[in-house]
Amino acid sequence: MADLRVNIGALKLKNPVMTASGTFGYGEEFADLVNLDRLGGILVKGTTLNAREGNPYPRMVETPSGMLNAVGLQNHGVDYFISEIYPRIKDIDTNIIVNVSGASPDDYAEVCRRLLPLEHIPAVEINISCPNVKQGGMAFGVTCEGAASVVKAVRKVYDKTMIVKLSPNVTDIAAIARAAEDEGADAVSLTNTFLGMAINTETRRPYLSTITGGLSGACIRPIAVRMVWQVANAVKIPVIGLGGIMNGRDAVEFLLAGATAVQVGTANFIDPSVTEKIIDYIDDYLNRHNLNSVADIVGGML
Amino acid sequence: MADLRVNIGALKLKNPVMTASGTFGYGEEFADLVNLDRLGGILVKGTTLNAREGNPYPRMVETPSGMLNAVGLQNHGVDYFISEIYPRIKDIDTNIIVNVSGASPDDYAEVCRRLLPLEHIPAVEINISCPNVKQGGMAFGVTCEGAASVVKAVRKVYDKTMIVKLSPNVTDIAAIARAAEDEGADAVSLTNTFLGMAINTETRRPYLSTITGGLSGACIRPIAVRMVWQVANAVKIPVIGLGGIMNGRDAVEFLLAGATAVQVGTANFIDPSVTEKIIDYIDDYLNRHNLNSVADIVGGML
Amino acid sequence: MKKFAKDFIVKDNVTLSSAYALLRLAPVDGILPEMQAGQFVQVEVKGSKTTYLRRPISVNFADYDDGLLWLLVRNAGDGTHAMIEMQVGEVVNIVLPLGHGFTSPSDKSESVLLTGGGVGVAPLLFFGKTLKDADFNVSFLLGAKSEKDLLELDEFRKYGEVFITTEDGSLGERGFVTMHSVLKQRHFSKIACCGPTPMMKAVAKYAKANDIDCEVSLENVMACGLGACLCCVEDTVDGNLCVCKEGPVFNIKRLKWQI
Amino acid sequence: MKKFAKDFIVKDNVTLSSAYALLRLAPVDGILPEMQAGQFVQVEVKGSKTTYLRRPISVNFADYDDGLLWLLVRNAGDGTHAMIEMQVGEVVNIVLPLGHGFTSPSDKSESVLLTGGGVGVAPLLFFGKTLKDADFNVSFLLGAKSEKDLLELDEFRKYGEVFITTEDGSLGERGFVTMHSVLKQRHFSKIACCGPTPMMKAVAKYAKANDIDCEVSLENVMACGLGACLCCVEDTVDGNLCVCKEGPVFNIKRLKWQI
């Protein structure tokens, strides 16, 4: 049994395997199918200041080795989360991290301020990269200034661990990561989904109600691994890698590229207990390679 | 039998289906397997001023619904093309278009100047987007200034049809397309490959000798379709769409998104006669939908 | 109801007409989970290069005597095609049971009409059996393009009287289910309906006009099937609800259908 | 040699040991193209979700009497696994014949050694038959981890004497092919070799040291198989050459191997 523990700033994970926001609900939905206590962390659904109805149906279409989604941050707002959902999930024995979105830096800061007192929420993930909402979201993630403005606003009010989730829809993701680091982010996670679209050629209409949506799944993995490698070489804070992880091998690939931890998203839809299998695989991989701990392979590409 | 003809500037295509540069050699390699005369055009291998050995082996690895390549523009140089290859392929009854790369705007211009006199080369495709070479290539494709500088230099010496091939590894591809249009490009083609990487977790080494390479194939289609749609809405010159076209349906998807013609790349490796099937499909599609010509579906998303 | 991700082994794969297959699957561990009529399952698709996600399929029948799950599958594309091609003995992973099924009326004297079209009839068989076991009076009104698209008629007849419409008149009355004469002759106090959306809307309209309690089963496009991704939402009087979790069966009163 | 993309039907699929299969395929149009020993084919892979490109496989044997193409496949990953699982009667598209094969010596008195290891022996069978038909004296020296990895021995024996090494000594002499005593006892004027790279390098080294003409068959990773994509290059004395077009068989003189 290798040592699977890793740290993301002050945050201690029992292993590097977390679930990606928006793909695992609040954890509860998977409770029958996964032992939630085994996970390194759960990133809950994107949360905003006020409730959002999200985008109209249809919101998803399958694509080669992936899918497009256009959920658009449907959620009940931070106060509902605090009063209704938090009490139900707070005793899961893992790091429950809230993924936060907003339409302005103040929005983000206010959500984080309200989450700060929650004992069992040790961290937030600042989503500056959601391609599915007009305001807020991706607009902040595609320029260094935009990223910096959000991180700065949140850092003022939130002193627990702040992870900043980066958009891959940029020319130079390392520059954005450095901007977040400079404003005091504790870690960056990447990537969010890629902006894509698909057209039903028989009806001639886009498959998604919003025309474009976010591409996730195995198809994006080669690009996400490249970005993680670039960012890990550009910043000193820990990098959390995600994008198309389908199994243990893929998770190890991200660790080797420089990620300290990983998140698993779309794969949960295909195999709801995939995260447990990934944890077991990493343990077995380390043993097979005569290594003692996950730290031995982080950034360990030769 | 619908009217499949389309025009790209002064260039007349018998149908909108071409083969993508670097995936179809000089056409000859496929001569036993495809009726080359049926194609709308053949984009031959990337050509540079001087011969290039390309990158060391290994140069390719399969990825989910796609592949990474790191060929690195191996070619014998423009003069060898003119003296040795051109005579062998010039009588194929299709548009033979040379894909041109260079390390400086002057380089590009010089190659185009030498190609100009060739009667059976009606157009060039300026590749400002190859991710696999250090100099030249992608560096020009990721800024408006870089793109403009190359297009400007070529436009001075080349008065036949100039297609500019755009890089998808950017925040705002429409801006780059406009920069190319402003300097006099006759058309843009997109997308080239996405910068990606993959690591062999057992050896801990990257699969490619160059670490990163270009991602192509079905996996990139949703992103490429989105970019074609954005660019077609931003420029007046024709757009040539490519990236992950595997069959006739996919080609129609690009046309609906706003492409006037398409190129087929990686799919040739999986089905060497796929281009003929795509031509037949488009004809059949138009008939099934009671449409007379390809023009009726270009940009025809509802 | 507790959910499972279970391996099943294909015991039987019967082609019905040419575009449908009835798969009978046994849990490898021998334990068939408790299920409700109208619930669905998420089937892993092997052997199709172009299929990435699981595919949602209704519980056609849960045979607790033989420990078999029945799935009725229509060849709609690559994923369902691969399912139809499964060989006896193959193992496939299935997540089940998912969503909320049909509700039985409270009063045993009520007579219930189960109506559907094409492969949409699938969940009605299990609901028919459930109702019959609870001593309800069940009638089926099954519609299809043509005789060959009418599936499992002998099975349906075990649980109630079967009325039929076909668009080409090859069996039963010609036309759509809402045109069948039985609707004029008898009174039903509850309708459960499953099929193509236009058909469900027509049935819902009839039910609404005649003030009959009516449930329909939606087939919104799904990813997770667990209520986690919010992809499959239907706009209802209670806002965007996940069809996979709050449905797939909805009372038409909750839907915002323009009928 | 003209290339074709042809549909083939699986006539026969024999499992050898547990990790290998011998597939015998008949062209649907009945016409088996002309092929050279050492050439390869590109096989479409159906039924594997994770396989995108075709897979290159050597021509194991071209049986013109029965019109059958033989492929010897090792389970190396998802693509070859799907091939091994193909059912008799399945149809698969194959592009063939590809590349340049082995060259026969000019002088009939020369005695030729065909040596290989594991599944690398595949193309040697067809080359052995070609040489024997042309009245050459052929010997095979086949190496493997263990007896169970020695494939098609009875077939090889039809065309020449067969010498064997196994790493565990379970059949023939213990050790690697380059350690076999026959190399000391006989003189060969030509060697053709196919197998894992370390083995080919060892054989090439032996051939070079003893001034024996030697051809090896490379297995560089391929995409198109047609010489179009330049993915499969080998660094040679003539620069980067496509293994799929200029090879897969190369005379060791052209390679830049450090031996």
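Of note:
Letters A, B, C and D mark the chains as written, and numbering starts fresh at 1 in each.
Criterion: contacts are C-beta pairs under 8 Å (C-beta built on N, C-alpha and C of every residue); 3 or more make two chains touch, one makes a residue touch a chain.
What you are looking at is a predicted structure, and each value in this text was computed from that prediction instead of being measured.
Shared contact partners of chain C and chain D, listed by label: none present. Using the average of C-alpha coordinates as each chain's centre, D ends up farthest from chain C.
Centroids built from CA atoms put chain C at 36 Å from chain A. Centre-to-centre, using mean CA coordinates, chain A is 34 Å away from chain B.
Between chain B and chain C the centroid-to-centroid distance comes to 47 Å (mean Cα coordinates, whole Å). With touch defined as above, residues shared between interfaces to two or more other chains in chain D number as follows: 51-52. With touch defined as above, residues shared between interfaces to two or more other chains in chain A number as follows: 63-66, 217-218. In terms of inter-chain touching, the protein chains here make up one closed cycle, each touching precisely two others. If you check each pair of chains against the touch rule, the ones that pass are A-B, A-C, B-D, C-D. Note for the complex: chain A touches chain B at residues 63-66, 68, 142, 169-171, 194-199, 201, 203-206, 211-212, 215, 217-223, 225-226, 229, 244, 246, 249, 252-253, 256-257, 285, 297, 300-302. Listed in rising order, the residues of chain D touching chain B in the complex are 2-5, 44, 50-54, 93, 95, 220-235, 239-240, 245. Of all residues in chain D, only 46-49, 51-52 touch chain C in the complex they form. Those residues of chain A that touch chain C in the complex are listed here as 22-25, 29-30, 32-33, 45, 53-54, 56-67, 69, 71, 74, 217-218, 266, 268-273.
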